[in-house]
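For reference, the structures are reproduced in the following blocks.
The following pair of complexes shares a single chain, chain A, combined with chain B in the former and chain C in the latter.
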Partner chain A sequence: MAVGVVAVLGSLALGRPLVLFEWGELEQVVVWQLRLPRLLLGVVAGACLGTAGLLLQESLRNPLAVPELLGVSSGAAAAVGTCVAFGVAVPFAPLTPALAGAAVGGGLTLLAVRGATGPAAVLLIGAAVGSACQAVLLAATAVADSREQGVLVRYLLGSLTGTTWRTLAPVAAGLVLVVPAVVLVLPRVRVLRLGDDEALSAGLRPGRARLAVLGVASLLVAAVVGPAGPVAWVGFFAPRLAAWLGRPSVPVTALAGAVVVVVADLVARTALYPVELPVGGLTALAAVAVGLLVRRRA
Partner chain B sequence: MTPLRAERVHVRFGEHEVLKGVDLAVREGEWLSLLGRNGSGKTTLLRVLAGLLTPSSGRVLLDGGPLDRVPRRAVARRIALLPQSTPYVRGLTVRQFVRQGRYAARGPLGMLGEVDDPRVREALRDTGVEQWADTPLERLSGGQRQRVRLALALAQDAPVLLLDEPTTYLDIRHQYEVLNLVRDLQRERGLTVVSVLHDLAQAARYSDRVVALLDGVVHVDGAPSEVVDAVLLREVYDVAGSVLWITTNGVLKMVVVPD
Partner chain C sequence: MRWRLAGLAAVVVVCALAQLSVGATGASPGALFGADEHARMVVLELRAPRVLVGLCAGACLGIAGVVLQAAIRNQLASPEITGVGSGAVLGAVAASVAGVAQPLPMAVAALVGGVLGGGVLWVLVGGSGDVAVRGVVVSAVLVGTTLVLLTARPQLAGAVSRWLLGSLAGRTWEHLAPLWPVAVVVLVAAVLLGGVLDVLAVDDDHAHGVGLAVVPWRSGVLLLAAVATSAAVAAVGATAFVGLLAPHLARRFVGVAHRAAVPASALTGAGAVAAADAVGQVVRVPAGAITALFGAVVLVVVARRTGGIG
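Presenting the complex of A and B:
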């Protein structure tokens, strides 16, 4: 929690201009119009991706079942990227194409895996589906106008650059759907952790329940990928961090994801100023560090 | 009264037909044990009775109605299953694990009963795992974990309990602890128990009735003292030997002596 508060304050204060002691017109505009919406998107992105990772990992009983490796994130990014590149107008974009892409990517993986929940099967098939989605996105980037290529890079790497209050409107709409969906699906996830036979014996059909979880995870990922792109590996390490802290619950995982994305974005924004690094690259690096740390402590 | 009945149940896995027309009526309040060689279809039959496996043909009746038409939550309120093996679950305390047995009893939101459910407390107490309620599952031994799995099934508060090799992984003391526990619960709560047991002596001692499967059909069906004999040994298990029945402390026990 303390780390979260420090990250939030740092995110609002640090950078050019440094907002510490002065509170003039420039500082007000920078904080209210640029840094606050960006911070909020970072919080929501981290919380949503972390929660999506937790739901997928627990329902498939597989630590590798993360949005990136199930084709969920890349499916969403490919769908939004394709719409941008070809100028396809979709109602409620980018939420709707992201949701459709996430559901198709994740659905393809689950269909191909067909009940095999072993890490290797999920990893291999999900990686193949993810690569196919990446290829679609790269092709879209290659044929897009040069004006749109900057936007498309966001869907390749994930970035919070240029976030405004307008960017946050569809995210808020997504959250209205996402929060009750997570509450509804959570009891099923808890039962799925026990094993398929146990779940069925307890009164839950595992296949249907997993589809419901995948749907909710797709919604969580779609709400983020639309405005921020696939911020990499947050769904992998947020649950690991929460487990490492001894509290592998949704609130702690969401908080861990939020803190990591906010901190990563702060570094992305300030480290090589005026050049901004893609936040997804930094979260990928952080995932390596967390993975190694958790492995050493396990 | 027959809470569970299998009628002409066939189960095929590809070309291989495991069950070839099994008829079986489970009587209310009895402990029925399924016997047979490895691969004779005992577990398959148990899974069919639990509704985990749909027969290739034939049907299973739950309280007189087709099992496959009963919603899964309603089935869970009538039948609880202890499967042969459970995936290794990490990150849950014993209480959190056992609570999931109440899934079918909870409301649509599934939140109800999360707080403190008397059935969960009862299941923890009856299986003697109350003292580990807040211990993570991964810290328990194999025997302790098996009792926790039994607590999960009991938390469902279903009148029919299906046990697939409940004594696997247990040393002899824990084997008898689990079986005694099930027998006490069967008597106190009037449970109907169907179990798959490999140990003939245990099946004979605890069951009211044994059913031996051979070549995919019911070969022998009756009270243990009447049907567990040298003929059953030879025909069902292909073992030449004698079966001795002895009474100690007023309890009829059985010993297999191979030739």
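Presenting the complex of A and C:
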């Protein structure tokens, strides 16, 4: 929590111009129009992706079951990226294609997974669907000959560059849908994490419950992907961090995800100023480091 | 066996001819011997190198796939799942960000990247045997790093997306020059090593039993796979899943003995790239998009059959 507050203050104050003691017109504009919306998007993106990761990990009982590896993130990103690259206008723009893409990606994974044995097979099938989605996105950018690197980087890796209050509006709409859905699905996740037999004896059909969890996770991811892209590996990283803090619950994971994204974005924005790194690159590197550490200990 | 290989070769020739006859202008392969100077130029200078680069790259990827699957003893192993392919893309993109444009230094950079990518996975996997899932993670992270590099040279976005996908657009004789010798050498080496691959594919005890020093031979053939992958990637980009798809197709036709499976896999790889590019030119997408979609289906099938362990 304390780390979160420090990160929030830091991301409002740091950068060029440095806002510390003076509070003039320039500082006001920078903080209100640029840094605050970006910060909010970072917080929401981290919280949503972290929660999605936790829900999937718990319900599939596999620490590698993250939106990035189940075709959910890449499906959403491919759909939104394709619309952007071709300049297709869809009503409720980033949210509807993202949701459709996430549902298609996750749904394809689930269809292909039916009857497969073992969690490793599930993950690999998800990865296959994910890379097919990425291929669609790459083909779309290549065909549309979009010279904009932003599209490619944002929808393959995730970035918060150029966030304004306007980009935040669909996210807010998504949150209205997402929060009650998470609350509704949580009891099922708690049962699912105990195992299929226990779920059955508690009167829950594991297959259906898992489908519901996947649906909610798709919602969480879709809310974020339009404006920020699938910020890489936050869904893997945040639950790990929360578990390390000792409490792998939804609020803690959401907070951890938010802190991860805000800190990573702060570094991405300031480290190599004026070059801005995509925030997803830093979260991906952090995830590798954590993965290596976990392996060392295991 | 010979007849089956010959049959595969005939299919590849048909695919290549199909690829040779599609394009933006309506020239046909027959124009090579015709009087129309313009059509002859189109076929000779634009389409022929494109076809040959595709065939060599596909063959390299197919060989890399069959060698990896034997050496790691995992049916899911392939350049894109072992980090070698995405490492090679990273190397090639790093070189082009640094301003390198000639095909040869590009291939060296791709090789360094490919070996590093494979090495990272080697360290991560350790003794756990969980190659496939961790390999997917490593590949995803390497692709991420490639995109971070892109921020240094935003104007390369189009080229990078083609590289990540794999495309034969604009390949010339210059790209073929460093590629075909590698393809030939790798093919000959892999066929000669067929017996070793057969032994490595069974298990370590068996290998010790027949007096094969497992560690040096395995490292050697893995390096061979990395060289083959990097040469292909430097020329055409990732061309996802050709290295996974080719060996599985090849084994269906000629069985599991590597002396036949290696050349068959080279043929299926080459044919897959040629067919994908022919289709891709008709529907106007890069060849890599077609191979990635088909390859994803193959990956799903193999993952279901093996339970994801390989």
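To be clear about the criterion, the second predicted complex is superposed on the first by the 282 of 298 C-alpha atoms of A that agree within 3 Å, B and C clash if a C-alpha of one lies under 4 Å from a C-alpha of the other, contacts with A are read in each partner's own complex, and residues count from 1 in each chain.
Criterion: contacts are C-beta pairs under 8 Å (C-beta built on N, C-alpha and C of every residue); 3 or more make two chains touch, one makes a residue touch a chain.
All values reported here derive from a predicted model rather than from experimental measurement.
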Which of chain B and chain C A:123 touches, first, second, both or neither: second
First (chain B), second (chain C), both or neither touched by A:267: neither
Partner chain(s) touched by A:203 [first = chain B, second = chain C, both, neither]: first
Partner chain in contact with A:211 - chain B first, chain C second, else both or neither: neither
Partner chain in contact with A:34 - chain B first, chain C second, else both or neither: neither
Greater residue coverage of chain A in the superposed arrangement, chain B or chain C: C
First (chain B), second (chain C), both or neither touched by A:69: second
Contacts of A:193 with chain B and chain C, given as first, second, both or neither: first
First (chain B), second (chain C), both or neither touched by A:175: neither
Touching residues (chain side chain B, partner chain A) in the complex: 50-52, 72-77, 79-81, 83, 86-87, 89, 91-92, 96-97, 100-101, 103-104, 106, 109-111, 152-153, 156
Chain A residues touching chain B - in the complex, by the definition given at the top: 61, 183-184, 186-188, 190-191, 193-195, 197-198, 200-205, 243, 248
Of all residues in chain A, those that touch chain C in their complex: 64, 68-69, 112, 115-125, 127-129, 131-132, 134-136, 138-139, 141-143, 145-149, 152-153, 156-157, 232-233, 275-278, 280-281, 284-285, 287-288, 291-292, 295
Chain A partner contacts - residues on chain C that touch it in the complex: 76, 80, 124, 126, 130, 132-133, 136-137, 140-141, 143-145, 147-148, 150-152, 154-158, 160-162, 164-165, 167, 240-241, 284-286, 288-289, 292-293, 295-297, 299-300, 303-304, 306-309
